[in-house]
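The following pair of complexes shares a single chain, chain A, combined with chain B in the former and chain C in the latter.
On to the complex of A and B.
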């Protein structure tokens, strides 16, 4: 009677910290214009590689320093939340809808439908994902939409596998038989009886997938295959900072920290959700 | 006896890929309106298959190879899927074996009980709610309004079984199949649930097909009984005859293997190998007769 309470609180902290960071990102993305102290694109060669504000030699107003072209790092990080979140939301939604639908069909109907879909997933998963995404974006041309398509095309299998397994488990429950006995049709049983019970798994996976999408976008930016303009992304900032890490570590470290925290926040948020759902659903 | 409401006629069922092995061998059962018919047998005898065949929820790997299931005179196998669902939905209901999985975990009890009533009987939402609440009271749930708002995981196993019983009777079906409704429950609750089902059956005058492996239960609530072994009905009679003068060796063996509170000094006897041997021969014989009949029929067609 003494132990469970703090345990429960720790789980909640993970959920709320994740949610707080994600909320902060959304806030930054929406109000990027008002929040950033400088123009994200303005170069000033007089202000090259200024250190962050608390180090000697810093210029007032440049809180996280500047990069090799004298651009303000804080402003660039704030603006870079936009492509990151757009990719996270749109790509995850697309992967989720497509993968969950196929997974639900495979798991609920079984038989040949399951066999075809499962083989498709097996074949898909045999491709190395990073290589495949680089290939896809190279073919589609570097743009944010290509990145989104690449992620959706590759990652639908995650949703498909999990939803299939859950649907298979639910299908064996007596309540599905009861619904049949009550005279409900297959579609209605799938959508109204089984789907709500699979939904928690989908929500958790969706959160994890947003983190993955952010990483993949960063990887593609790092190899210069994401958005092609000067607009900042965390991946391209990391790529720029890599070359001068010995002279100006902050150019690399700040966007990297941001990326790290974001991915961590999405995964912790997802895990927190999972724990929150678990005692109810199982 | 009046015309049976449920009439299962020489129903045979087999595994799709199981060769000649059969799960049901020309099983015939008739249940008159208001009658309680017990279906007993050991695990794997095919008891549940009969219930599942009525509702069209046989496992995918199983197929019906001959026979008919008639509900009020209509052969269910001749209907389209949609017609059959409707007819069965209105006229029959199931009390499932495992109350833990028979309610949808993500829906409140209210939705699970009233959806059926509005859909099947075309009641208005308010009528359905009133009827469902009334039934919850009838199954002796103390706070129906609270249970109505609950999710299944908030209720105990016994409560959930009561809810399922209320659900089954709610649409006033003419037939209810109870598939071992007390097996998954605590011993202390089993007796109450059994009593409740018997009372509800009497009050509503519903025909009841009671699937169980417990002869004691059969003695308490059934009028007629079928004893099933390996998918074959080896004895079918009224309950008094069954207990006073069991005709079949297997029935006698089954009784000897049932514990009795009134005679604790008697030791239990397992079903003897001779009985099993005799049974296998009997079943092989019917299978042969059947195969010959099919050959003959094929010959006539040719």
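On to the complex of A and C.
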């Protein structure tokens, strides 16, 4: 590895800032019960659209105010980290496994396998992704599992394209020929020789994909197609806030800020990783 | 691109369209939820339901339905919308101009902002200006249009309410338009009061769509500008006494644009895909907003029509970019 230069150290900051925010989210998701000051579902019509604690008219204990049904916004934001992280991890893993596998096959074997898989990617890229995800969730029925399936079904092409290109390059390298001469089987060469060299690219994409998955989940809950309406997600909170933005801006601001920081954190973490891997990734 | 390459490209386009048509057709057919049940009242007899099914062709097998539908599509007939009870072709082409105007306004904004940023960073490369542009690119790229839209709603719709955040035009205005290209027609008719009102509604969603694309343009153009500025002819122009800014704008820019073009084309299709949710966010009456309604209402013919139209636009943009690339690059033209 190259000695870390000052440039790298500066760039590392965003890697660590991203990691810190993601760690905070995991902490909030695991200890949501202990961290939330109120019941995330408790409605109180006496406490409708209370402003956050530092504004006049606030109620003590409701730090970020309440929504139009009198539910505590802070507690709902904390609980909403759960669906967000579940979708981010599971959907990205599924998209990554499926896409990388197809990309590896297309890139390593070439020929007809490559032609069919590339055509499939072309067809997929001709769909507007948001519309396709909405359509898929409508087909599967609104549920967290549908959201996960929809994201995986749409975003495998991201992994497929990158891994295909990388695998194609690796295939031409001398070490693959030496492995063939040494009598190793194709499967072994792919898994033991090519895959480790493609892995840095996959890891970076995976981190970026988690941010995308969080956004897609938010978009789907925004159009009311994610989990059941009572349990909070950032997207459904944003949808409510958008509706009453002129009366109670805080209902929109806080979940939006969380989503914003989460997306930035995943992308900065991914970019930071990319720079770490840079000597490896050319 | 040689003729044979062009023909292969066109054939692969047809295959892509066919694939999209199959995927969308199967998807909406396996969807649970009966579109017929959603359109008739509770008092309908089983006979009524069966009649309606027959009317929309839903009583036949899925492969047969597909063949019949494909036959109509080839002739430009996308069937009748179940929820709106109008011809899908008419409904879709009625909404398309709104989306096109929004997308191209966003593209124009992205080119202006991205181009300006790239020139700024290339002119003062290695300084704080370039670092600032890089920071802008980093943030604008990693935050998607959906979040920019919400941010703009808060900033310029609520905190400093200078823009309209709902709809395409103020509903109380009387519109003299005969086409659905409101923005273009208001300019042609010299009704600049209407142009202003339209822009007041379109600017926020267009900005939300434009920012990520602006960052891409800025990044790529900057890189290729910096490369070009090291070439011999830029050096010669400089030794002849032309200023750095002059060389950048008159010599480098023209040569740096071509490599950016392909990427901009692909990114523009992402922008068009983004109109779906951004239109929803701003209650803008375009194709994307209509598409979400169609999914919610299980309006099968309408969904198919819209998705297919999006696919045509996507592939059309890519083809247009390829052709531009060839036209601008003599090496490829005679290759």
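The rule is short, and it goes like this: the second predicted complex is superposed on the first by the 273 of 282 C-alpha atoms of A that agree within 3 Å, B and C clash if a C-alpha of one lies under 4 Å from a C-alpha of the other, contacts with A are read in each partner's own complex, and residues count from 1 in each chain.
Note that in this section contacts are C-beta pairs under 8 Å (C-beta built on N, C-alpha and C of every residue); 3 or more make two chains touch, one makes a residue touch a chain.
These numbers were taken from a predicted model, which means no experiment stands behind them.
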Next item on the list: Judging by the criteria at the top, classify the pair chain B and chain C on chain A as clash or fit.
Entry: fit
Margin query: Contact-wise, after the overlay, does A:197 reach chain B, chain C, both or neither (first, second, both, neither)?
Written below: first
Next item on the list: For A:145, decide between first (touching chain B), second (touching chain C), both and neither.
Entry: neither
Item checked: Of chain C and chain B, partner touching more chain A residues -> C
Notebook entry, point to check: Between chain B (first) and chain C (second), which, if any, makes contact with A:93: first, second, both or neither?
Noted result: neither
Note to self: Is A:68 touching anything from chain B or chain C once the two structures are fitted on A? First, second, both or neither.
What the structure shows: neither
Margin query: Between chain B and chain C, whom does A:43 touch in the aligned arrangement: first, second, both, or neither?
Written below: neither
Margin query: Going by the contact rule set out at the top, does A:173 touch chain B (first), chain C (second), both, or neither?
Written below: first
Check: How many degrees apart are chain B and chain C as seen from chain A, counting from C-alpha centres and rounding to the nearest 10?
Finding: 90
Notebook entry, point to check: Should A:134 be classified as contacting the first partner (chain B), the second (chain C), both, or neither?
Noted result: second
Check: In the superposed model, how near does chain B get to chain C, counting Cα atoms only, in Å?
Finding: 17
Next item on the list: Identify the overlap between the chain B-contacting and the chain C-contacting residues of chain A.
Entry: none
Checklist line | Residue ranges of chain A touching chain B (in the complex, touch as defined) | finding: 110-111, 173-175, 177-185, 193, 196-197, 199, 280-281
Margin query: Which stretch or stretches of chain B touch chain A in the complex?
Written below: 55-57, 60, 82, 85-86, 88-90, 92-94, 96-98, 101-107, 115-116, 119-120, 151, 153
Margin query: Help me check something: in the complex, which residues belonging to chain C touch chain A?
Written below: 12, 15-17, 19-20, 23-24, 27-28, 30-33, 138-139, 141-144, 146-147, 150-151, 153-154, 157-159, 165, 269, 272-274, 276-277, 280-281, 288, 291-292, 295-296, 298, 303, 306-307, 310-311, 314-315
Item checked: Complex interface listing, chain A residues touching chain C -> 119-120, 122-123, 125-132, 134-136, 138-139, 141, 211-212, 215, 218-219, 222-223, 238, 242, 245-246, 249, 252-253, 256, 259-260, 263-264, 267-268, 271
